[in-house]
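Should a chain be cited, it is by its letter among A, B, C and D, assigned in written order, with residues numbered from 1 in that chain.
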């Protein structure tokens, strides 16, 4: 059962990822990316990291994708088509990617992973205690750092996107 | 004796130069004049204080004036060969300090009146201060290299001041001419310095000039390689004298001096009459022991003959010139030739060193009365707005002070008894008589010619025909006449200074006295010259014209300065440019530039081809990065698995 | 994967006894899906009818009264009509996305429905992060609206979609934070455990002051998230036509329409679950009959739905700037303060428990 | 862990996803598309963190924490990148890479 679900998810992820990087329509590409991300969250559900899955859905599907759609709406018209790279370049890069994939997979398959059989379910409580622990091995400091980072990037994004008014005030009076 | 403060003498004008130069647009002309005069006055006071301290308080040890040196190492080449910066105080440098500061101060004061209303007033004073700084530095230099640095600085300021009216093409070309000619001469100077540095291993004046009093020879072991029958040191000295000749306008490097009169008249007074042009004399005097002892004074003979010839040559040209500043310029050249001649005939010790002392004495007195002559001429030019003798005449009624001071100066230069020029000229002639009769006779002839052309000038300006002026000329303002009067006083009474007590070749001092027979000869020759001038030019008549017609071709040659300029032009333009420079330029353009341009073109072509790699797109770089990583990974996997 | 599929144990056991395990589980899944689709359809249709009846009541008229007794079959007839209508669309639309958009809305609504505990055993998917899952799913629904507005290739639809996006993203924050406030009391995200905690008193009583504030914020934000009046700028007819679904017709329009009502139901259901004890009866009066929990749950939910309809016919529409000001300048800071207050109350053990 | 699925299969999927992201990053010519490719790459690595945590060290949670941090940083990065893109669009009215080369010369 899980096996079938995993294969379906893997297929969804890979097919839509390829679609996402090769689509000529901007927004479609974003939606394909959304499918990829939902598929990834499905994998998290499968391996019982429900919290992570929900985070993936909230942050990526609900946040990043919506932001992307917004920016596409602002900067793109529905009838515009994306310019693709030259065929020669695409083939070259695709070839390089394939060779890289081969190298990576060779490395992965030649390595013996010591897998521990387990079916534990991680609860939100475990994650919370680990993340906010200030004992040895606790993650309270990076957690706070990340919160500062988020605040900073929020302010930065607002400041940058707000920008300066491009219209000249003198022109308004005319 | 602590002489550290003397460093301030050049540094104050430098500070003034920087101040005026940087803020030249902000400072009002009146203020900049005051600043310049104040700076120079301070330097002059310090010079006088130094002179007093040296001559009367500290300088003399065991009856000999010591050279006091204070220096710091600037560049260290080897253990012995190093270049210092410092100040050197000895009788001639102090004498020069006095001359430079007094004349410079007078010129500063004078310029405040003369340059009034000029656009570049502040610039002018900045340049004057720069010149004063360089000249003080030159005078105080402790070694050949330092003197060379200031030598060039002096040249630069001279260039700047000649070309002061840079909107006037003649001024610009005169500045360039002066610069190029002196630079050519300085090439010899530089080569001489390098030869000396190579063979003696030192640039220091003290080491070079040190004299062993027991054997009466240079301490320095100068016996070295010979070249074309002469010791290389002699060659070096001759080359250095070439630099001095360029700066001092000796034949045949004199051609820049007449043209340099394009500069403002105070500049001519300061630089091209009193101070800078005697730098050559000062250089020879500075190295006098070397000149005298190396190879029995062969180089010194060159100095003497060049000086004598230049002196006669310039005096002859001065007879016919009509531009009053040019007359004075040739007169300057002639008088400097006199000084060179005196140095050339001098010996080293005691009374035998009379020529050296006389040369320095004449330098001093000449600076004063020649500056006075130029300033007086400036005053006249200021009044009639012309340089030419034909536009002048009968000015004595309009400009009494200028008239009297000019007369004093003319008497002094003609060697009229009891004026300063009389004493110094007399001693030169005495020295020449004791040494070389030929030079003596030419000196006497020059004395007569000098008296004649100087009074030709004087009568032509202040007596002669009664020119009708558009605007009635008037006496110059007090700021211009005051320096005239001060300089006139010095010219009158400067001869009574017991110079030989203080300045002599071996620094010991001796008693000089008049040689009455020789003095009588000189004076009578001078008086004959004055009388001839009286006859020709006192009243308006055509005697002079008849006389010059009688000389015909010779007059023409003299008037055109013996075509020396044309010779130069022929040599440079026709011979050097066409036969040497043009082929070299062709080779340079065709092969040297061609190679360089070829390399450049090839680089451009190649870079055009490969610049696509630097697209500036991170994506392309990322591709290279990932491809590189993958290839490296493959290589490593291959290596590990085998 | 240990998803608890516990609609009723009896049916589960019975299915597994008559079939092989694999077939049984698939059959069970299909059955559950059919049941939920039925709930979706019926709830959607009758919420529409309810809306019309409430509107009529507020406006002192009778409302639908011809089809069926009291007009009860009116919406059924409407649905039939919509199904039979031609599906029109714009030529220059991005067809793929245009057709995809309604399903986003519908599927996300359905997924959200799956986790509600209608009663103790009638809950399809008791995931251990229930509340977070609900928030995550509800954040996907907006993508459907954005897609619909964009792919219609229509200015009004695009602007409507943009407004919707802005509104939903903004108010999601308040929904999440107010729910988080309540999580402080329960200490768990799992819906069944949240209900368990409420056996000692509904959370709105346990949490008293901050809970009431949280509920008010939640209702405002929830109403905004469903794009209902007074926050219905998305489809402000006078400005934008029909907003993002201007270009939709027939059944596709019906999907948006139904999804809106289902979303309203979901908001109400969450409120019921988190604030009002889900299927728990007051003071445990029907504890002995578990299936009555469904009635309690639906009753509470419908009361809150009625509240939202009441809003709709009572308040005037906000401007877009007022909308955003309300969220970012008032609700969000208030919410954060409320969170601290609730934390204090939990920390000092000031909750009211029976 | 997923019953019947070995770690190799999951890692294969993530590796493929990673290289699809790389391919997109290099070949895409639109800033937003490039951003999306970066998201793909990030997600591939996040799955690796999680999966390795789950399969090899199930009693620890470090992989999950790191995933959370990566997701947070990615969200921040996206927000900033998009704000920059919007600002850029205001200046040059384009989000194509080829148009953003004023600073190149």
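In this section, a contact is a pair of C-beta atoms (placed from the backbone, for glycine too) under 8 Å apart; a residue touches a chain by one contact, two chains touch by 3 or more.
In this text, all values refer to a predicted model and were calculated from it rather than measured experimentally.
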Most centrally placed chain - per-chain CA mean versus overall CA mean: D
Chain located farthest away, centre of chain B as origin (C-alpha): C
Distance from chain C to chain A - Cα centre to Cα centre, in angstrom: 27
Averaged-CA centre spacing for the pair chain D and chain A, given as whole angstrom: 5
Centroid distance [mean C-alpha coordinates] between chain C and chain B, Å: 104
Rounded Å distance between chain A and chain B, as computed from the means of their C-alpha atoms: 83
Two or more partner chains touched - positions in chain B: 623, 626
Shared-contact residues (touching 2 or more other chains) in chain C: none
Residues within chain D bordering two or more other chains: 22, 26-28
Chain-level touch network, classified as line, ring, star, complete or other: other
Chain D to chain B touching residues, read off their complex: 22, 25-28, 34, 97, 101, 103-104
For the chain A and chain C complex, residues of the former touching the latter: 1-2, 25, 27-28, 31, 34, 45-46, 48, 50-51, 54-55, 57-58, 61-63, 65-66, 69-70, 72-73, 78-79, 121, 123-125
Interfacial residue positions of chain B with respect to chain D in the complex: 616-617, 619-620, 622-623, 626
Residues on chain D engaged by chain A in the complex (per definition of touch): 1-13, 15-24, 26-30, 32-33, 35-37, 39-40, 43, 46-47, 50-51, 54-59, 61, 64-65, 67-69, 71-80, 82-87, 89-91, 95-96
Chain C residues touching chain A - in the complex, by the definition given at the top: 1-2, 22, 25, 92-94, 96-97, 100, 127-129, 132-133, 135-137, 139-140, 142-143, 146-147, 150-151, 153, 158, 161-162, 165, 169, 172, 188-189
